[in-house]
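The two complexes that follow have chain A in common; it is paired with chain B in the first and with chain C in the second.
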Partner chain A sequence: MVRPDEFQMGLSSRKAIYIQFPQAVPCSYILNMDDCLGNNPIACGKCADACDKRAINYDDRDQIITREVGAVVVAIGLDVYDPTELDEYGYTRFENVISSMEFERLICAGGPTGGHFVRPSDQERPTRIGFIQCVGSRNPKVGRPYCSNICCMNTIKDTLLLADHYPDVANVVFYQDIRAVGKSFEDMFQRSKEAGTRYVRGLPGEIEEDPETRNLVVTVENTTSGKLERHELEMVVLSVGVQPAKDMSRIASMLTLSRTSDGFFMESHPKLKPVDAPTRGVFLAGFCESPKDIKDSVCQAGAAASRAGALLNAGQITIEAITSRVDEVACTRCGVCAKVCPYGAIVWKKGEVASVVEAACAGCGSCSASCQFGAITMRHFTDEQILAQVHAVLAEDPQDKVFAFACNWCSYAGGDMAGISRMTYPASNRVVRTMCSARVSEEMVLEAFRCGAPVVLVSGCHFADCHYINANRQTVQRVHKLWDKLEKAGVRPERLQLEWISAAEGQKFAKVMRQLEELRGTVTRDEIEHAREALKAKPGKRPGVRAAEPVVEAPAAQT
Partner chain B sequence: MAETTIETFRCMMCGHEYQEPVVKCEDKERSCPKCRSNSIRHLKKRVTKED
Partner chain C sequence: MTTTHSNDGELRIGVFVCDCGLNIAGTVDCAAVAAHAATLPDVVCVVRNKYTCADPGQNEIKNAVREQRLNRVVVASCTPRQHEPTFRQCVLGAGLNPYLMEMANLREHCSWVHPGDREGATRKAKDLVASAVARARFLQPQEELAVPVTKRVLVIGGGVTGIEAALQLADAGHKVTLVEKQASIGGIMAQLDKNYPTMDCSI
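Moving on, here comes the complex of A and B:
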């Protein structure tokens, strides 16, 4: 049984039983049952005959092993971009166009050619080699707008290797930008240039092949000189980027991890918790978090191991006091809270009362806002506390105020940023802070309208920045429901606004407040009064939440 | 390939209505192409019963 060797990028073959790669740990043979002719009944059995240690066990089966652990380090690595979709580079049409991974195998002493660098079409050593950078990186057209971080230095290393092994080889590197950021990287770049490598700023638009010589003609606009250049090369290496591993979605749903728009796992905080996942007890290391080189991966892995070790050795953990709590009497066993919890921190079985795993609860409050029966509440951000703030803010002259709910991490901090940056915006806004925009229930928004708010804003973090994995997606759903509800009640739905404002977007905060003030000016007193009447709370609808109590002014102290 | 449909959205800030391809189950932050507001209402198609 002969199969293409995956480790050698299909440039050599392997058997059904093989060592994956020379540096494999443990360095033992594996029997690939997908390739084996069959073990039940045994079709061939030659490997068992050849093994004098009797190490071949045909009865061995794949097993699912369950372990209870206190921490998980996610280090699932990466996939390499497949350049077959980029037809202009002819990767599938021309034999002498190879990827940087294939180049790596061809020049490696342990590779299929034993380190003798030859081109695939005629097994001759090429003397003119071109490297094309950013293949599958920094390219929004192929869905990969990010820099892969490692390709520039990998190419520089390759050109130095070639210059060292074969001084007669002429290398040309086609690039957009060379990103040599790191210790001694700039020095390597300079050495590569001194060794004779030519760097041409500009990415080729097309590659053609000479059918006789199988040489490749690369046409490129040199953006430094502004001239169109044609290079005849014997081999072209596509410096391919990297992409998130294909199993990331499965791991993300298993561990309730969130992902960035690029598809990599999102850390809890980019500066303060760069190796912690938003889910407590889960740590990230290496490429799964973002593209990085070996040194950074090793640093991150060490940090993740230390964080995990600290957690396991602590004996006890400290959690924030703002976790959720279930009122077992009021709970109707519907399970909505468990469905909306981004952390899977609510345990619920059909027909049973929900319960909160406090160590896993991060305190977003989305469960509390989703419960129609007021049976689950968030400590220190209870419905009563937030509604009391709504009442207090709108107790006097509500028609002159723009009422805003802002999430603690981004929008509220965006307001702070606007303030400390001395940006001017109307003084009519009144902000009530919640931990997450998902904590803002329908009832809170409606109560603000009942209290006479002309305009209500719900604001939270941008999708990629949500501090509670993806809790703010529930905010979107809730606001949509509210728009429908307001429209049905004859209230202008535009009076409820939704904005994503990050902590750095002070300018956006100020702009939104100016827009809302303009909107407030268009809301008439009649509209406010109509909303008060039309949105009146139905008694007994939400038994856990006490009906809004009228604001009673404290009697003036007698003198 | 995930199913893609053309959906209609309305900006609740400036009133701009526009259509955009939507991939089923996509997780995308929306903003108005005209005023950049995030108050984007997804106008669902009304289903009418045919006799």
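Moving on, here comes the complex of A and C:
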């Protein structure tokens, strides 16, 4: 069985049983069951015959190992960009066009050529080598507008390695900007130039191959001189960028992590909490947070380890007092709350009063919003508190306002992002924050319309990003129900809007607010008055709607 | 907690309007917002600060809580996602339960997104403060539940970052489980020959 060796970028081959690379840890053979023909003696079974120690086990299976942990460090790394789609560079058509990862294997003593740098077409040593920068980076056309951070320095390093091994080599680097901003990086850049590397500002439009010599002809506009240049090179290295790892979405949904528009994991705060994930107890390090080099990855690993260690050393964490409580008298024992709880934190048996396991409750408020009998209080996000905000905001000139509910983790944070990024939008919106969009009850939305709101927005996290597992599915159901209700009452359903805005989507937040302001302009005074009347509360139906009076604790003795 | 209103149990709300230098005051008429806050129900004290999060600003809150016998505090400044912990700690320092503090976001959600619309931004800021005060009237003291932390860390990914994090945690005496999808740890760095800036071997 012979397969391309993935570690050597397919430049050599391996068997179905192999050691990944000489310095592997653990340094033992693995049997790749996707390639193995199995122990059917007619098919193969040769490795079992060859192994005196009888270490081959064809029946070994994947196992699920359960570990309880108090903190998680996410360091899942990156994927390297595959330049196949950029056909103009002929990566799949011309043998002597290679990627920078293949370069690494070709120049490595542990590589397929033993460190003798040769070109693939004839195994001859090339003397004129070109490097093309920003392949799959800073290129919105291939969906990667970001800078991959490491490729400039990696190419500078490659040119120095070549100059060191083969003083007769002439390198030329095609670039748009050289970003050598780390400690001692500029020095390396200058050394590369001193070693004879030519830097040409401009990215080639196309590569052609001379079918005779298999040399590559690169045409490029030198943007410094303004002249068109033609370079005949024996080999071209595509300095490929990096991208978020394929596994990121799975890890993101497992740990309720958010991702930036570039696809990397989003930190709690770029400056104040740069390695904390928004989910408590989860820390981010390395490439999965953003493209960075080895030194920065090691620094960030230390920071994440320190943050995780501090959490463990503290020995305990306090849970924000926003959990739910059941009013045993008001509870009708229907069990709806237990069904909608994403955490299974509500204990209920048929015919019994529901109760909340506080340590398991995360405080999303789905249960409270779903309870038809006002029997569940969300501590610190009570019906009274939220309705008081609705009333306060819409007390004067409600016709001029767009009323918005936004969830803490995504939509409200998206609004913060719009602010941090100074993205402007009309000043008509009034946002009320809840922990989750599922906290927003029917009554809260209806009350906003009763108070004269022309437009009401319910906004939350995208489905995969919900910070309460899947509580925002309840939001969808509730909003659909409300749309039906509005339609029956003769109120235009689009006056109630539902939007998913992530913490990274400041731009979307601003856009939605602009759209809602436009929508508000279409709502007439008659429509507002009609909604006020048509949606009038049935007396005594829900305790939250009554004009509540605050309850004040007797103050502690103060000096 | 009492359920009856008495002189001892009256609501006394303090509102602290932050200029945030010119971050808020550059767009929002903070004097008008403060004047409006003074008209809101149960508000007994309104203070304007240049930087509420700075020590002098926090001290003003603490002093006002003590001197004016405030039992609810509204800080009209920036996003609670940034400074809620700061101001919760601040009111706790003045002997108030941290859950009796509420914030109005006049910066990220107002001044920074409505430059050039001073009138609209000020109108909105007044509403945001009114909303926070309305909510503050219904705030109740809360006690947080403490739960133990399991003394083990999971590190996902055995590349240079994951290995480093796992080693540092283990060196600090913590139990660590490192998960790697490949047969060997090392990640993509193991595939590199030399790396910058030191030009030495990757593995």
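List of remarks:
By definition in this document, the second predicted complex is superposed on the first by the 313 of 559 C-alpha atoms of A that agree within 3 Å, B and C clash if a C-alpha of one lies under 4 Å from a C-alpha of the other, contacts with A are read in each partner's own complex, and residues count from 1 in each chain.
Rule of thumb we're sticking to: a contact is a pair of C-beta atoms (placed from the backbone, for glycine too) under 8 Å apart; a residue touches a chain by one contact, two chains touch by 3 or more.
This one's a predicted model, so the numbers in the text were calculated from it and none came from an experiment.
Of the two partner chains placed around the shared chain by superposition, chain B is the only one that A:Trp483 touches, whereas chain C remains out of contact. When the two structures are aligned on the shared chain, A:His462 is found in touch with chain B, with no touch to chain C.
Touch criterion not met for A:Val2: it reaches neither chain B nor chain C.
Contacts of A:Arg105 after superposition: chain C is touched, whereas chain B is not reached.
Of the two partner chains placed around the shared chain by superposition, chain C is the only one that A:Gln385 touches, whereas chain B remains out of contact. For chain A, the partner with contacts to more residues, out of chain B and chain C, is C. By the touch criterion stated above, A:Phe287 is placed in contact with chain C alone, chain B being left untouched.
The residues of chain A lying in touch with chain C in their complex are 7, 9, 20-21, 23-27, 30, 67-78, 80, 101, 104-105, 107-109, 111, 153-154, 156-157, 160-161, 182-185, 188, 247, 251, 269, 272, 281, 285-288, 293-295, 297-298, 300-302, 304-306, 308-309, 311-312, 314-323, 358-359, 379-380, 382, 384-386, 388-389, 391-393, 395, 401, 408, 412-413, 415-416, 418-420, 422-433, 510, 548, 550-556, 558-559.
Within the complex, the chain A residues that touch chain B are 462-464, 470, 473, 480, 483, 493-494, 496-500, 512, 515, 519. Residues 12-13, 15, 27-29, 37-42 of chain B are the ones touching chain A in the complex.
Against chain A, the residues of chain C that register as touching in their complex are 1-3, 5-6, 8-11, 42, 66, 69, 71, 79-82, 95, 99, 105, 107-110, 112-117, 120-121, 123-124, 127-128, 130-135, 137-157, 159-166, 168-169, 172, 174, 177, 181-197, 199, 203.
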